[in-house]
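Take a look at the structures below.
Both of the next two complexes hold chain A, though its partner changes from chain B to chain C.
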Partner chain A sequence: MSNWVEVCAADDIDEEDVIRFDHDGRTFAVYRSPEDQYFATDGLCTHEKIHLADGLVMDDIIECPKHNGRFSYKTGEAKGAPVCVNLKTYPVKVDGGSVFISI
Partner chain B sequence: MTVRVTKRDYSLLGRDSQTAVESGLATAEWYHTDIPRKQMKELMQRSDGPAIRDTIIWFAALIVTGGLGAYLWGSWWCVPFFLAYGVLYGSASDSRWHECGHGTAFKTRWMNDVVYQVACFMIMRNPVTWRWSHARHHTDTIIVGRDPEIAVMRPPDLARLVLNFFGILDSWFAMSDMLRNAFGHISAAERSFIPEMEQPKMVRIARIWLAIYVATVAACFWMGSILPLMLVGLPRLYGAWHHVMVGLLQHGGLAEDVVDHRLNTRTVYMNPISRFIYLNMNYHVEHHMFPMVPYHALPKLHEMIKHDLPKPNPSIWHAYKEMIPAFLRQLRYQDYYVRRELPPTAKPYRDDFHSQAAE
Partner chain C sequence: MSDIVIIGGGECGARAAFALRERGFDGSVTLVCAESHLPYERPPLSKATLIDALEPKLVADAGRYLSDGITVLTGCSVLAIDRAEKSVMLSGGQPLRYDRLLLAVGARSRLLPDMAEAAGRIHTLRSHDDALAIRAALHAGGSLVIVGGGFIGLELAATARMMGVDTILIEGLSRILSRGVPEEIAEAVAARHRAEGVEILCGQAISAIEDGAEKATVRLAGGRTIAADLVVVGIGAVPNTALAEAAGLAVENGIAVDRYLRTSDPDIFAAGDCCSFPLDLYGGRRVRLEAWRNAQEQGTLAAANLMGAAEPVSNVPWFWSDHYDMTLQITGLADGATTTVRRPLGDGAFILFHLDGEGRLLAASGIGKGNAVARDIRLAEMLISAAARPDPHALASPATKLKSLLAA
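For the complex of A and B:
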């Protein structure tokens, strides 16, 4: 059963950017794509547990700030060394000008 | 954190490795200078332009110097061209391997990958092994038993340092590793930081390289000349001096087992030619603090955060005058290191994090 949690106002995330969202002892990364769509993944890189929200969003890729590991933030797919394990993704919706993720 | 009383164990599977994990030094959270997200994003932006320009210059210089060296082979006139070719091959490849390994040289991924493979071959570093070892170097920079890329271990082996200015030991070990990997043997240390799924790639690359070197040696026999090896392989020896000269300054003589790059890494102002060969890695504190920033943006990053960093060494010569006496002193006192002073504008070192280095 999904549990929609409000993250922030939609405008709080710049286009082609990411923010960190902590909730209930967990950390997430919430993205706004260049096409103005929103996505969410686990917040820590699967390689060395670095916060992805400090990384760089390029098109549909999030790059980890520590070792430049790359994931598709749309699918969670790891795109090559040094990351080998995919990221978990979460459904996202925008409702009433706010971003929600389903945890 | 405890003060070290026994000899250091730099092996990745040894006592100090285990101690680093238990004490929290391994995969620790490191100090970063605060930079607003907006500015950080601007600094991190990728661009193909600077790297395409620098790669064209690099390859053109390799072709011209190597071509003239070969053309003049047999006369003394070839010497200056091979000296230049050697540095472009055996030293400039070090920084290209490094920057493309981070994926920050070019915006376009395949360009990074192509230059990465070419530069890895020149510098004799297996592209799989070294991608993973360098990831560990950034996770656990100069943490004893964790960092596989500590160039100068204590007590310093000065003979080794001198030999490596001519690439002698590095090339010997690189060739040994290539042969070992080509025959499918993977060491326990390699297994400790390279995931199993990546190991077959390491073996495949080693076999390709071995074939290239066998072909080069065969060409030497066929021509009755060492000229082919002067162009492929040997420049890693006779042109290594520049990358060793600048590379030793990255961490040499500074602290071990700390989680603040201001204590274990050195930024040195250098001349434009060395910066081209080295791709601005003289801004090394900045690079370690923010590895996502491309080489061409490091001078700008330096200007933004220098208030929070130790004063850079003003020249290579100045940095050597700091580092060499430290090496000599470490021969007798292994715990000695150069503690870099911070300017009044900087956030102080957290000595509670670095009790050992603060001694």
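For the complex of A and C:
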């Protein structure tokens, strides 16, 4: 059963950028791609528990701010050293100008 | 070409081994590791590991080597390289043939001039075993003297303070972090350490360090005598070059390699902390880096070139260091900079950009809580890589996104 949670207004995230979203004791990272699509992953890097939202978004990659581990935020796939464990991803929808994630 | 031997199972050697397989190399890969552990990450040794981890943080678990078909010989050293025979002599006494060889032998702790080795209450910190020995000797209310105000000594000071250890740090020069760190950042680091209760003594020459049954004693040339439960000498690292030198390879502040990481023998490559290489981005200047990401990147690059590619080193140097809840990041090389531009980022965080006489960005160094400086340092790295001449006013203004300068 999907549980849609409102994150923010669609404009609150810049294009090719990311924000941190905390909900119910969990933390997520929510992205807006250069093609203006929205994505969501777990908020913490799988190498050490570092908030990915402080990292840099480039195309479909989020780069961890701590040691530059890379993930595809679209698929969650770990893209090379030092990260090797994938990120979990979550469905996202934009409705009435707001971003929602399903968790 | 079918047999590749990698000497040294650190970050660099392990990355090279995996990268060979990722690029489809189907010959044999043997990783010879002097230490008794599988390759592990060294940066945690002065940070979290000291407090909580008894096991090293492995670069990859044993299963990965198995599934990648990488033979790992732990607790085994290469004693000599026979270039004519194209084989290495293992410490067990048997030779191992290679078609191509990678030296990823890293560096070791520098010792004080009259110090034969770390022993008793006098330690150095390079390996997991070193960290365990230091850990065993540290306890709340105990005392520690750190010799050397470089990154490792300072990180250790932070960790020790977090454990409630009385900590004194002795630096010979007039300030800490005098190598490659701008004064304002070094000052911010020093101020934080002092606020946390570390006594930092700069400009101090040491006349003797004596081991003892109860305490170790450090005697300063100025006359002061300090007793402590343990002394950690953290005065830098020296590249492991003896093996290469004995084999007749060129050595120049590290094993000398060209821009493809090739030594003076075309079948032998070197990468990571052990090698010095020309950095095209900085006019071909020969440098040696002691940095984790460099070890990874050069390991990966060496793998490509071992397999016959000719890809030059092109990465911009990058380094981080953690102190309490603060992180410092540095990218590029600031030597030759004539202008410094300061970008304040709020909550005490800031970045210094270093530009040359023509306005080219050479380096950026930043410090702040958590990862406050990470994104801008990463963008600075990309600007450096692009040989950009960013507008200093834009750099100084936190309202200007650095990403917009990159597109320009």
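We adopt the following convention: the second predicted complex is superposed on the first by the 103 of 103 C-alpha atoms of A that agree within 3 Å, B and C clash if a C-alpha of one lies under 4 Å from a C-alpha of the other, contacts with A are read in each partner's own complex, and residues count from 1 in each chain.
Rule of thumb we're sticking to: a residue touches a chain if its C-beta (ideal position, glycine included) is under 8 Å from a C-beta of that chain, and two chains touch if they have at least 3 such contacts.
These numbers come from a predicted model, not from an experiment.
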Clash or fit, chain B versus chain C on superposed chain A: clash
Touched partner set for A:A9, first chain B, second chain C, both or neither: neither
Contacts of A:P65 with chain B and chain C, given as first, second, both or neither: both
Touching partner for A:L56 - first (chain B), second (chain C), both, neither: both
First (chain B), second (chain C), both or neither touched by A:C84: both
Chain A positions touched by chain B in one structure and by chain C in the second: 54-56, 63, 65-68, 81-82, 84
Residues on chain A engaged by chain B in the complex (per definition of touch): 17, 47-49, 54-56, 58, 63, 65-68, 70, 81-82, 84
Touch list for chain C against partner chain A, complex: 15, 41, 59-60, 292-293, 296, 300, 318, 320, 327, 370-372, 374-375, 378-379, 403
Parts of chain A lying in touch with chain C, wherever the complex brings them together: 16, 50-51, 54-56, 63, 65-68, 81-82, 84
Interface residues, chain B side, partner chain A - complex: 27, 40-41, 44-46, 102-104, 107, 128, 131-132, 135, 138-139, 195, 197-198, 290-292
